[in-house]
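The structure appears right after this line, and notes come after that.
The chains carry the letters A, B, C and D, assigned in the order they are written, with residues numbered from 1 in each.
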Amino acid sequence: MNSAVAEHAHARAADSTAQRQASLATRLAQTRAATVALLDGLSPEDCQIQSMPDASPMKWHLGHVGWFFETFVLSEHAPGYQSAEPAFRELFNSYYVGVGPRTPRAQRGLMSRPAFDTVFRYQQRVLDQVLVLMHDRTLPDALLDTIELGINHEQQHQELILTDLKHHLSCNMLLPAYRPEPRTPAGVWPQDKVAYPFLRVDAGLRQIGSPDAGFAFDNERPLHRVWLDAYEIGARPVLNGEYLAFIRDGGYRRPEFWLAEGWDVCVRSQWQAPLYWLDTGDAPQLFTLAGVQPLDPFEPVTHLSYFEADAYARWAGASLPTEAQWEVAALALAPWRDGGFVESQRHHPHPLHTLDEKRLGGDVWEWTQSAYLPYPGFETAAGAVGEYNGKFMVNQMVLRGGSCATPRSHIRPAYRNFFPTCTRWQFSGLRLARQV
Amino acid sequence: MNSAVAEHAHARAADSTAQRQASLATRLAQTRAATVALLDGLSPEDCQIQSMPDASPMKWHLGHVGWFFETFVLSEHAPGYQSAEPAFRELFNSYYVGVGPRTPRAQRGLMSRPAFDTVFRYQQRVLDQVLVLMHDRTLPDALLDTIELGINHEQQHQELILTDLKHHLSCNMLLPAYRPEPRTPAGVWPQDKVAYPFLRVDAGLRQIGSPDAGFAFDNERPLHRVWLDAYEIGARPVLNGEYLAFIRDGGYRRPEFWLAEGWDVCVRSQWQAPLYWLDTGDAPQLFTLAGVQPLDPFEPVTHLSYFEADAYARWAGASLPTEAQWEVAALALAPWRDGGFVESQRHHPHPLHTLDEKRLGGDVWEWTQSAYLPYPGFETAAGAVGEYNGKFMVNQMVLRGGSCATPRSHIRPAYRNFFPTCTRWQFSGLRLARQV
Amino acid sequence: MNSAVAEHAHARAADSTAQRQASLATRLAQTRAATVALLDGLSPEDCQIQSMPDASPMKWHLGHVGWFFETFVLSEHAPGYQSAEPAFRELFNSYYVGVGPRTPRAQRGLMSRPAFDTVFRYQQRVLDQVLVLMHDRTLPDALLDTIELGINHEQQHQELILTDLKHHLSCNMLLPAYRPEPRTPAGVWPQDKVAYPFLRVDAGLRQIGSPDAGFAFDNERPLHRVWLDAYEIGARPVLNGEYLAFIRDGGYRRPEFWLAEGWDVCVRSQWQAPLYWLDTGDAPQLFTLAGVQPLDPFEPVTHLSYFEADAYARWAGASLPTEAQWEVAALALAPWRDGGFVESQRHHPHPLHTLDEKRLGGDVWEWTQSAYLPYPGFETAAGAVGEYNGKFMVNQMVLRGGSCATPRSHIRPAYRNFFPTCTRWQFSGLRLARQV
Amino acid sequence: MNSAVAEHAHARAADSTAQRQASLATRLAQTRAATVALLDGLSPEDCQIQSMPDASPMKWHLGHVGWFFETFVLSEHAPGYQSAEPAFRELFNSYYVGVGPRTPRAQRGLMSRPAFDTVFRYQQRVLDQVLVLMHDRTLPDALLDTIELGINHEQQHQELILTDLKHHLSCNMLLPAYRPEPRTPAGVWPQDKVAYPFLRVDAGLRQIGSPDAGFAFDNERPLHRVWLDAYEIGARPVLNGEYLAFIRDGGYRRPEFWLAEGWDVCVRSQWQAPLYWLDTGDAPQLFTLAGVQPLDPFEPVTHLSYFEADAYARWAGASLPTEAQWEVAALALAPWRDGGFVESQRHHPHPLHTLDEKRLGGDVWEWTQSAYLPYPGFETAAGAVGEYNGKFMVNQMVLRGGSCATPRSHIRPAYRNFFPTCTRWQFSGLRLARQV
C-alpha cells in the first residue's frame, strides 16, 4: 500500500469511528429515554418490590444499569472520575465477583435506602457523564465496544423490568394492571382442528452464530459450522387454542408426555396451566400487564416452562427445534414481527392475536431443545466483564426469537437467550419441529 | 333495693359508662397520634419493606390497625357502615380465620398497591369514624371493651413497627439509621467483678393474673393462685458487660451451657453474639435505630433468643425466673421504668445505660422459664376476636416486663408477652433467678 | 448413739445395701432377658433399619444399651476394664456431648458393620461383666444408683424398640406384621351417644413429683407443692369410636378446633386421621404390630400428635389435663392397668378393647397441657449422665400414664414422658379434663 | 429372488437367530454369575443399606434385575407365567410409570422384608426361567432384543452396586473395606511439571452414534453426522498429582475458575477436594473399596462432579471435550484399557496407577461438555421399556469412557453415560481438550 492510499484508509477508518461514536451516543440517549418511559405510571413503591429471588425491583434495575456504565466505562476510562455514590459499587453489582462484594440476590428488595429518586438521579447522571465523555473525546474502539455492550445490557434490563413487574403485580391479591386497557372480544377457536403449518428445511452443512464484525454478545460467537439433517419447523408459534386442547386432553395429568424431572416439578408445584392462567374452564382468563383479560385462543401461548413446552411437543407428536434448526430456518420465516414494545406505541406488552401463517419473533421467546453451552471456540473477554455470559453455561436451555417485551434490536436470528427449565415468568412459548 | 336507689345506681353506672367512653375516645386519638409520630422521617418506600416472614411492613401495620377497628367495631356496630375499601378486608387480615381469606404472611411486603397514602388515609378515616360513632351515641359496654382492645392492639403494633423497622434497616448494606443521634461515650466496665444483686421472696400461696375488672388481654386471665417456694430474683436485667464475659468465656462454643435444641440452632445459625452485635472484639459495636454505635457495657443486654438467655443463666449458676416468680416479685421491684418511647420525648428506642440497683420494665422484655400456656380456667371470647391470643398457646415462651419500645400502658406486672425460642429481633433480654 | 447401736445400724444398712445389690442384679438379668425376648422373630435385616431420624434401628438400641453400662459403670468403676470394642464408644453414643463424638442421629441406620451378632454379643458381654462386678464386690450406693438408672434406661429403649419397629414396618409397602395374630371381631359403637365419664377433684394445695428416696428419673424431682383449683378429669382415655365422631364431624377440616401451629402442620402434612389409620370410611382399618386389622371402636385412640389431642379436646368442649391435675387424680383412678407387654404373655403391644369405666395406664401415653420444663429446684447430676433429661426441657409437652409398650415398672403417677408436639409414632392418646 | 435362494436365506437367518439365542443364553448365565460374585464377603445387612436417595441397596438392585426380566420378558412372553412373588412388581419397579406404582426412590432402604435370601432366590429363579424359555423355544428377534437389553441392564446395575456400596461404607464411622488389600507404596510426583499430552484431530464432517445393527442403548442412536473443527484432546485422563496442584493453587477458593452454579454448590457443600479424599495435606489419603489408602499421584483423579472437572479444565487453560470430540478421538486413543473389574481377577475396583502416555477407558468415566440430549431422530421404544433413557434427557451431562467398575462390554466409543452436574459418587474424572 502506498502512503497516499494508507492515509486515505486511515482517514476513512477515523471517519467511520467518529460516525460510530456519534451513532452510539444517539442510541444511548434513546435507550435511556425508553427506560424512563417504562416508569410511566409507577410509583417509588412499585419500583421497590422483589417478588422472588429470580426477579429484581425496578429501582435495582435502574441502579444496576447506571452501575454497569460507571464500573466498566467511567471508573476505568473517564479521567479523574469520582463516583458521587461510592457505596453503589456494592449495592448494585449483580454477579461480577471480579468487581467485589454485592447485595445478595434475594435481598435486592430490602433497600428502602437509597430512595428511588436518588437512584434515578444516579443513573441519569452516570449516563449524562458517558455522553459528555463521548462528546469531549474520540474514544478508542474497545471503549466504544464496551459502551455498545452497555446499551444492549440496558435493553436486556428493559425486558426484565417488564417481566419482573408482571410477576410482582400477580402476587398482589388485587391483581392490579400496569397499563389498564379495554380489550376487544377474543376470537373463537374453530371446532375443526386447525392444522399446524410446517416448513421444510433440507439437510446440509450450515453456518450459525454471529460474525466477529458488528455487535453481538460473546455467547453468539464464533460463527461456526453445523451439520443438519433435513427437518420441518413450524411456521408460527403454538397458540392458546392449541395449548388448551393439550390441557383438556389431560396434559397436566399424564406423565407419559413429560420428562421425569418435569413431571416431578409439575406434581410438586401443582401446575395445571401456564403461569398467569387464572382458569381453564369454559371462559379462561389471563392475568396480563393490562389486568385480567379473557384468553384469546389465537394468541401464542406464553409463560411456559421448558418442561411444559417439551410435554406439549411430545403430545403433538413433534419435538422442540434445536437452536441450530431454529436459526437456520429463521431466514425462511422472515419477515419477522418486530416485537419492540419498548420502542413502539403499544400500550402494554402482550403477544398479539393473529391469523398469519408465518410469524417469527416479537411475540414469545421460543424454547429450543438445545442446552445453553459454549459454541466451539467460545472465549470470554478479559476482566470482570468476561463474567457476562460464560459462567452461566450449564443447566439452562436456549430460547430463541424475542418476545413482545424484547427491544427491537434484540430480535435477530443468532441471539441466544437462556433460562433454567422451570422458568415461567418470561414471555416464553414454543414452536414445533420434526425430523423428516 | 328500692327504686330510688336503683335509679341512682343506674345513673351512676351511666355516668361511669359515659366517662369511660369519653376517656377511651381521648386515648384513641392519642394512640393514633403516637402511631403517626412513628412515621416521622420514613418514606413510603421505608414503609413497604418486609425483611422476613416474622416481620411486617409499616404500611401493613397501618392497614391492619385500621382493619381491626373496621372489622370488629364499624362493620358490626356502626349502622349502615359501608367500607370505602372493601378489598382491605382480605388484604389486611392478619390471622383471623373466622373473618376469611387474607394475604399470606410472607407476602405482606409485595403490596405496592394500595399506595402508602391510600392506606394511611384509610386508617385515619376508620379511626375518625370510630370517634364519630363514640361522639354520636352511647355505646354498650361490650363495644367499649372492643374499642379498648383495639387501642391496646394498636399499641402492640407500635412496638412491632419499631422492631420490624430495625430488622429491615439491618438488612441494608448501608446500615442506615432511623433517627441518627450522636452518642456520648459509653462507660467502662470495671475490672473487678460486678456483683449481680438478688432480692429474696418468701414461699407462699400467691395470686397472679389480671382481675376481671379493667382492661387486660384474655391471656392474663383469670386471676388464680399458685404456690411458690422461696426464691431469689435479680434486681435488674443482665447487662452487656456481664454478657460479654459470657461470650469471652466461650459461651457460644461450649454446649454444656445450652439446651440441646438451642445448641443445634446456635451451631447451624453460626451465632456468636446477640443479634445486631457487629463485633465482639476490643471495641464492640451495635446496630441501633440511631445507626452503628459503640456498645455500652452498662446497658441491659438485648436481642437475645430464649436459648441464649437460658445458656447465660446456666453459665451464671442461676436460671431464668418462671412467670409467676417474676410477677410476684414485680411489686418488690417497683418503681418501674416507664419505657414508653412511643409516648416519650426520647429520640429512638434503646435500653438505657444505668447504674441503678433496682430496675424493672422499660428496657427489655425478659425471657421467663414458663411456656406460654392457658391459665387455669382460661376462656376465649366468642367470634373471630377469640383468635386473638389463645390459638398461639404452644411452643412459645413467656416474656415479661416491657421494653424501651413498649407503650407505657403495656408495662404492668400481669402482662404476658410471648415468642418462639429462636426469636431475636424483639428487644429481649433476661433477669436471673435462683431457688433458695 | 452408743457403739453397739451404731454397729447394728451400720450392719443393717450394709444388709440393706447387699439386699439392694442382689435385687438389682436380678432385675438387670430380667431386663436383659426381656430385651432379648423382643428380638424373637426378627432378623438382622429387621434390626438394622432406621425409618426416620427420630427412630433408631434395633441394632443401635442394643449397642446403646450396652454402651450406657460400659460408659457409666464399667469404664469408670470396673478395675482395669478394657473395652473389647473401643470404637463403640463413638458408634453408640446417643447424645452425650460430655462423652465425645458420636454417630449423627440420622445415620444410625447406615451401620451394616458391626454386624448384628457382634453388637448383640457386645451388649450381652457388657451386661455379664456388670453382673460379675456385682457378684464380686460390694458396690457403693452411688454406683448402684447408676446401675439402677441403667436398668430403667434399658427399659425405655424396650419401648422405643417396639414403636420404632412399628414405624419401620409401616414404611414397607407390604405392611408386614411383627407378630401376626388373628383378631376377634371388633365391637360395634352404639348409635346412642356414649357418655364420657368424669371424676371430680377438689381444690387444694397438693404435692407432686417423686421423693428423694427410691428410684426416679431426675426430671420427676424434687417433690413440690402446687395449687390446684377444682377440676374434673376423665375416668378413661378417649376411645376410637369417639375420635371417629370427631373425624366425621370435619375435625381435620375445621381450623376453629386447632392451635394455629397445629393447623399449619395438619394442612401441610395432609393429616386426615391418626397415624396408622388406613381408612376412615365404613370399615376403618389400622396397621398394628400384628398387621392390618379392623379398627375396634372401644380401644383407646392412639398415635395422636399433641395437636390432634388438643383439637379433639376443644371439639369435645373440654381440654387436656395439666400434668399436676393428672398426677393428683392418678390415685383416684387406680387400680391401674399394668401395661407391660414387655413382661407379659401378650402377643404384641396394642391398647386393649374395654368396657371398663375406670382405666389408667397400660394403654396409651396421655398428652397433657403441660410443657416439659424443670420442676422448681430441679438439678442435674454431675458429669455426662447429667445430660440424661435436663437438656431437652424446651418445646416439648409432657405425657403421662404409660402405654401398652411400656415396661410395668415405668407405670407410676409421677413419671414424666415428653415429646415434641408433632410426634405421632408413640402410643399416644388422651384423656379429657375440665375446670369446674 | 427365486424360491431356492429365498429358502436358503431364510435358513441362514434362522441359523443366525439360533446362534444369537444360544450366545445370549450364555451371556445371561455369565452376567448372573458376575453379579453373584460381587456379593462375596457381603452380609444381608450390607445388602440392605441405602445411604442417600441417589443410591440403592444391593438387595434392591438384585430384586430390580429380576423384576426387569420378569416384567419385560416372562410376564409378557412366557406362556402361562405366574409370578411367585406378585408383590415384587411394585416393590422393585424403579421408575417405569407405565408398569404401575413402585417403592418411592428414597425408601428403597426401608425393606427388611422380603429378606435378602428371598430376593436372591427370586432373582435366580427369574433368570433360570428365562434360560428355560430360551432353551425350550425359538424366540422372536424382538424378544431376544429385550433379553439382550436385560443383560446390559443388569451390567449397569453391577456398576451401581459397587459405587453405591462404596458410598454407604464411607458413611460408616469405621470406614470399613469391601475387600481389604495391602497396598504397594505410591509413586512420587516429580518436582518438574509433567506435560499433559495432547493429540490433534483434524476438522471434518464425522459420524457418531451406534448403528442400527447390533446392541446399543436407544440413546446412542441413530448414527448421525456432526461437523467438528480441528481440536486437540488429551491422550490420558488427568491424574491425582495434577489435580493436587489445582487444589494447592487455591482451586476450591477461587471463583474465577468455576461456573456460577458450581461455585454456589462448592461453597454451600464446603467442598475442598474430590469425594473420598480424607486429607489434602502432605500425606493425602483416600477412602477406597479396599479401605483407607495413601493417595497415588499417578492414578487418574476420580469422584469429581462436573463442576470440579470443568473448573480444573479452566484452571489448566483448556476445556472439557464435547461428546462428539471424545467419540471421534476414541479410535485414535485405542488400544483401550478394558476396565472390567466385574469380569477380571482384580481384587477391588479402583483406577490404576500408570505411566502410559495413551490411555482410554477402564479407569474413570470422563465428563464431557455435552448436555445429555436426544440425538437428531432419536426415538423411544413402544411401551414402558421406552422409559429406559429418554425421559431423563434434561439437566444432565454426558460422560464417556467407562470406569474401573464398568463391565467390559460397556466400554465402547459410542456409549453415553449421564449424570447431574453435582454427582460425585461415581468413578468420574476428566480428560482435557482444546480448540486448535
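What we mean here is this: a residue touches a chain if its C-beta (ideal position, glycine included) is under 8 Å from a C-beta of that chain, and two chains touch if they have at least 3 such contacts.
What you see is a predicted model; the values in this text were computed from it and never measured.
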* Length of the shortest touching-chain route, chain A through to chain D -> 1
* Centre-to-centre on C-alpha atoms, which chain is most distant from chain C? -> A
* Structure fact -> Distance between the CA centroids of chain B and chain D (whole Å) is 61
* So, what's the distance in Å between the C-alpha centres of chain C and chain B? -> 39
* **Between chain B and chain A, distance of the C-alpha-averaged centres to the nearest whole Å** => 48
* Asked: Every touching chain pair, please?
  -> A-B, A-D, B-C, C-D
* **Sites on chain D touched by chain A in the complex** => 95, 97-98, 205, 224-229, 231, 255-256, 258-262, 306-307, 310, 319, 322, 369-371, 373-374, 376-377, 391-395, 397, 421, 435
* Asked: Residues of chain B touching chain A in their complex?
  -> 43-46, 48-49, 51, 87, 90-91, 103, 107, 109-116, 168, 171-174, 176
